[in-house]
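What follows is a pair of complexes built around chain A, which joins chain B in one and chain C in the other.
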Partner chain A sequence: MLLKNTWNEFIKILSKPRSYLGVGALTLLIGIIIFAMKADGKSIISFVTASFEQTLTFNGHILNGYLIAFIILQMLIVHVPLLVALVTGDLIAGEAAMGTIRMLATKPISRTNIVLSKFIAGAAYTLFIIIWMGFLALFVSTTIFGTGDVIVLNSDGLVILPEADVLWRFGAGFCVAFLSLLTVSSLSICLSAFAENSIGPIVATMSVIILFTIIGSLDVTVFDTIKPYLFTTHMVSWRSFFEDPVPWSTIRQSVIILVAHNVVLVAIAIVRFNKKDITS
Partner chain B sequence: MIKIAQLLLLLALPLLSSAQTVDDILSKVLTKLNSVKDYKVSATIKANIPMIKILPNEATIYFKQKDKFKVESKGITILPKQGFTDINNFLAKKDYIAVINDTVTTGGVKTYLISVIPNSAGGEMILAKLWIDPERSVIMKSQITTKSNGTVTTSYTYGDQVKYGLPSKMVFEIDIKKFKLPKSVASDINKSSAEKKKKIGNKGTITITLTDYQVNKGLSDSLFK
Partner chain C sequence: MTTEPIIRVDHLAKRFGTFEAVKDVSFTVNRGDVFGFLGPNGAGKSTTIRCLLSLIRPDAGKVELFGKSYANERSAILANIGSIIEKPDFYRYLSAERNLEIFARISGANVGKKDIAEMLDFVGLGDRGKHKVKGFSHGMKQRLGIAQTLLHQPELIILDEPTTGLDPQGIVEIRNLILRLRTEQNKTVVLSSHQLSEIELIANRMVIINKGKTIVEGAVKDLLDANDLQVRIETDDAVAAKSVILSAHPTIEVTQLNGRELEFPVLKDQVHLINQLLVNAGIPVHAIEPKRKLEDYFMNIISSEHVA
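Moving on to the complex of A and B:
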C-alpha cells in the first residue's frame, strides 16, 4: 500500500505545473551559465588565478566541461533548494488547502504511511532534479567544452585534480548533494505538516536556509558551537570530494548529520500529521 | 708621484681584468645558448607550492630562437613565468653592466657569481645574479628579480646536452608572498577562522626534469601559433 500510495503521490507531483517550473528554471540557469562560460569563461577563470599568474603560467585545457560542471554545481546548490521546496512544501499543506486531505485519510493506509509516501515521492522528485542537473552540468558541458583536469579553489588554495580522477568525485559529490537537497525536502514536508497552505512552508523553508547560511558564514566565535549542527553547514560537503586528500571523516560526519536531520524532520512530520485535525 | 700612480694601476689591474673576464664569460655562455636554434624536450614537472596542490605532470616543451616558447601537455601544468628564455634575451641585448661579485661553489662546481644590472630602467628586469661555471660556460644558478614577478631563483643541473648549455634538470624557487585567494570564491564555511589562518611558507619550488632533447632539428613557426 505504501508503494502504491507513493506512486500516486509521484503522479500528483508530475501533474502539477510547478514541478516543471523547477526543471525549466534549472535548465535555463544552466544554459545561461554555459553560455556565459563560452562567451567569457577565460576572464572568469583568470579572476581566480590572477594573483598566481603574476609568477606562474597555467598551461593546458583549463576551461573544460568538468570545471564548468563544478562551477554549475557550486553556483546552483544555493538556489536548487528553492526549486525543491516549491514542490515538496506543497505536498501536505497543498492537500489541506484543497480539502483533499480528508479523502486521502479515508484510504486504507495509516497516516504515518501517508507521510512516508509523500517523503519518498519528494525524494524521487529531488533525485530527478539532481540527475537532471548532473546530466546538464556534466554531459552538456563536456560535450561543448571537452574534458580535462579540474582546478578547484578552496580556502587553502588551488587543487588541480587529474582528469582520470574526477568522475568518481562528481558521482560521490552528487550523492551528497542529493542528501543535502533531501534534507531541504524533509524540512519543507515537516513544515508543510504544520501549515494549511503551501506558500507558508515554502517561504519558511527558504527563510530557515537563509538564516542558517548567514549564521554559518558569520566568522563569529559565538556561533562556532552551533555551526557543526546546522544542516546548511553540511550542504556544501559535496565540495570535500574535490579536496586532496579527500577528508573522509568530515564527509562521514556531514552525512551522519544530514541523515539525522532527515530522520528527525520526517519523524516530526509523522507525529504532527498523526495529531493533525483534518475534520474541522 | 709615479710610484703612487703605479700602485693605483697595480690595484686597478684585477678590476680591469675582472671586467674583461665578465664580458668574456657572459659572451661564452651566450654563444653556447645561441648555438641552439630550436629544441623539443620531454619534461616532468613537479610543483611543491604551499597554496597549490598538483600531481607531477608530463609535458613537451618547444623552443625556437629567439623567444618562441610552447608547452604541450595532456593535463594542466604549472610553470614559472620567467626562467626559460628571458636570460638569453636579456644577455643578447648586451645593454647591461656586469660585475663579478665572488667565486662560489654551487653543486660542487666552482662558479663566478656575476651580478648583471640593466642600463635602462624601462625593462622588466631589475637585477640578475648568475652563478656561472667558467669551465663549461653554463649557468649553474640564477636569481632574477623583476618588477612585476618578484624574485625567482633557479638551479640548473646538466647532462648530455651541456654542450648546448641545455639543462637536464631545473629547480625554480618561487616567492609566494604575493599569492592571494579571492575571498568571495574561496570562502569555506566549513572551516573556522583559526583553520583558515594557519601559517603557510613563503617559498615554493617547481622541479622540471628534462629528457629526450631534440636540438636543432628544425621546428616550424606554425607550431607556436
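Moving on to the complex of A and C:
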C-alpha cells in the first residue's frame, strides 16, 4: 500500500503546475548565470584573482565549465529550498485545503503510510531538482566552456583542484546538497501536518531557514552551543568536498545531523497526522 | 431483510475544546438497511459520521463496524466502506478517470480501467472520464463521488449530506442512484440529510439526534405510523364538507383554512373513506394533499426536546 500511494503522490506532483515552477525557475536562473559568464566571465574572474596576482600568476583555462558549475551551486543552493518547499509544503496541507485528505484518510491505508508516501515522493522531487540542477550546471557549462582545473576561494585561501580530481567532488557535493534539501522537504512536510492550507507551511519553512541562518551567522557566544545543531549550519557542507584535504570528519558530522533532522521531522509529522482529527 | 448489525455505536462522545459536539449517541445499523441519520444543524451528525470513518477519534463510547473496532482492524474496516463526507472533493487538476484510479489504487481491491469505465457509466459520467474535474458541476462531482464510493465494491456506503447544494434534478438523480444501490447492489447505506423527504422516500430505518444525543431510533414506518397523517382537502364548499366529516367522525379535529380548504389529522387507511364520504354527499373533492409526515414528526421531536 505504501508503494501504491507513493505512486499516487508522484502522479499528483507531476500533475500540479507549481511543480514545474521550480524546474522552470532553476532553468532560467542557471541560463542567466551561464549567459552572464559567457558575456563577461573573464572580467568577473579577473576581479576575484586580482588580489592574488601580485604573488601568483594564473595560466590556463580558468573560466571553465567546472568553475561555473561550482559558482552556480554556490549561488543557487540558498534559493532552491523555496522551490522545494513550494511543492513539499503543499503535500499534506494542500490536501486538507482541497478536502481530499478526507477521502485519503477513509481509505484502507494507515496514516503513517500516507505521511511516508508523501515524504518519499517529496524526496524524489527534491532529488529530481538536484539532478536537474547538476545536469544544467555541469553538462551545459562544460559543453559551452569546456573543462579545466577549478580554483576555489576558501576562508583559508585559494585551492586549486586538478581537472581529473573534480567530478567525484561534484558527485559527493550534490549528494550532501540533496540531503540538505531533503531536510527542507521534511521540515515543510512536518509543518504541513499542522496546517490546513499550504501557504502557512511554505512561509513557515522559509522563516525557519532565515531565522536559523541569521542565528548561525551571528557571532554571539550564547548561540555557539546551538549552532552546530541547526540544519542550516550544515546546508553548505557540500562545499567541504572542494577543500584540500577533504575534511571528512566535518562532513560526517553534517551528514549525521542532517539525517537526524530528517528522522525527527518525519517522526513528528507521523505522530501529528496520526493524532489529528480531520475536520476539514 | 436480515437484522445482522453492521454498525454499532454505543454512547459515543466527542468534545472539541470546551464544546461537546457529541454527548451520547447510540444506534445500530443492520445489513441491508438504508439508514437515515437525522438531526438539525449542529446536532452532531457530521462528527458522529467522521467517528464512524475514523476521521475523528471519539473521547468516549464504542464504534464497531462489521463486528470490528478501529483500534486494531482499521484497514479491514475501511476496505469495506465507501463514503462521501459533506461533499466529494477531488484533485481538480486531474481527470475524473485519473481521480478514480488514484482512490482505487489504495482501496484494497483489484480495480481495473474497465471497472472504472463501467462505474463512470453507472453514474452517468461515461463520456466525461477524460475531462478534468475542475470543469465539473457540483452535481457531476456528487455523481463522481458516488462512483468513488462504489468502485471497490464495499458492503457499506456512508453518505453525509449527499444532496447539499444540488438542484432539484440533481437531488432526484442522487436519490435514484441510492435506490439503485439498494435494489441492484444490495448495499447497506447510511444517509445523513437535511432533506427529510429524501429520508422518508428511501430509508427503512432512522435515528434522530439533537444536541449531541440520540432522541429516537427505529423503523421509519413504525415511527411515522404511530402518528396521524395531517391531510389538507380542497372542495367547493368547505363548510358543508366539514359538517359531513364531523357527522361521521365527531372526534376528528377539523380546521377550516378558508372557504374551500380543510385540514385535519387522520389515520392513513381512513383517507379514502373520507374521500368517499364527501363524494357520496355530493361534495366534489378537488385535491387531497398529505402534509410531509417526517417533517412534522421531526419538528415535533425537536421542538419537544427544546421545551424539555
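Methods note: the second predicted complex is superposed on the first by the 278 of 280 C-alpha atoms of A that agree within 3 Å, B and C clash if a C-alpha of one lies under 4 Å from a C-alpha of the other, contacts with A are read in each partner's own complex, and residues count from 1 in each chain.
One rule holds in what follows: a contact is a pair of C-beta atoms (placed from the backbone, for glycine too) under 8 Å apart; a residue touches a chain by one contact, two chains touch by 3 or more.
None of these values were measured; they are calculated from a predicted model.
In the superposition on chain A, contact is made by A:N154 with chain B only, not with chain C. Of the two partner chains, neither chain B nor chain C is touched by A:S46.
Of the two partner chains, neither chain B nor chain C is touched by A:T143. In the superposed pair of complexes, A:S207 makes contact with neither chain B nor chain C. In the superposed three-chain model, the partner touching more residues of chain A is B, compared with the other of chain B and chain C. Within the complex formed with chain A, the chain B residues making contact are 50-55, 59, 71-81, 148-150, 152, 174-176, 178-182, 185-193, 195-196.
Within the complex formed with chain B, the chain A residues making contact are 47-48, 51-62, 148-149, 151, 153-160, 162-163, 213, 216-217, 219, 221, 224, 227, 233, 236-237, 239-240, 244, 250.
Those residues of chain C lying in contact with chain A across their complex are 16, 50, 53-57, 74-79, 81, 83, 85, 87-94, 98, 102-103, 105-108, 148.
Interface residues of chain A, counted against chain C in their complex, comprise 1, 4-5, 7-8, 11-12, 15-17, 98-100, 102-110, 275, 277-279.
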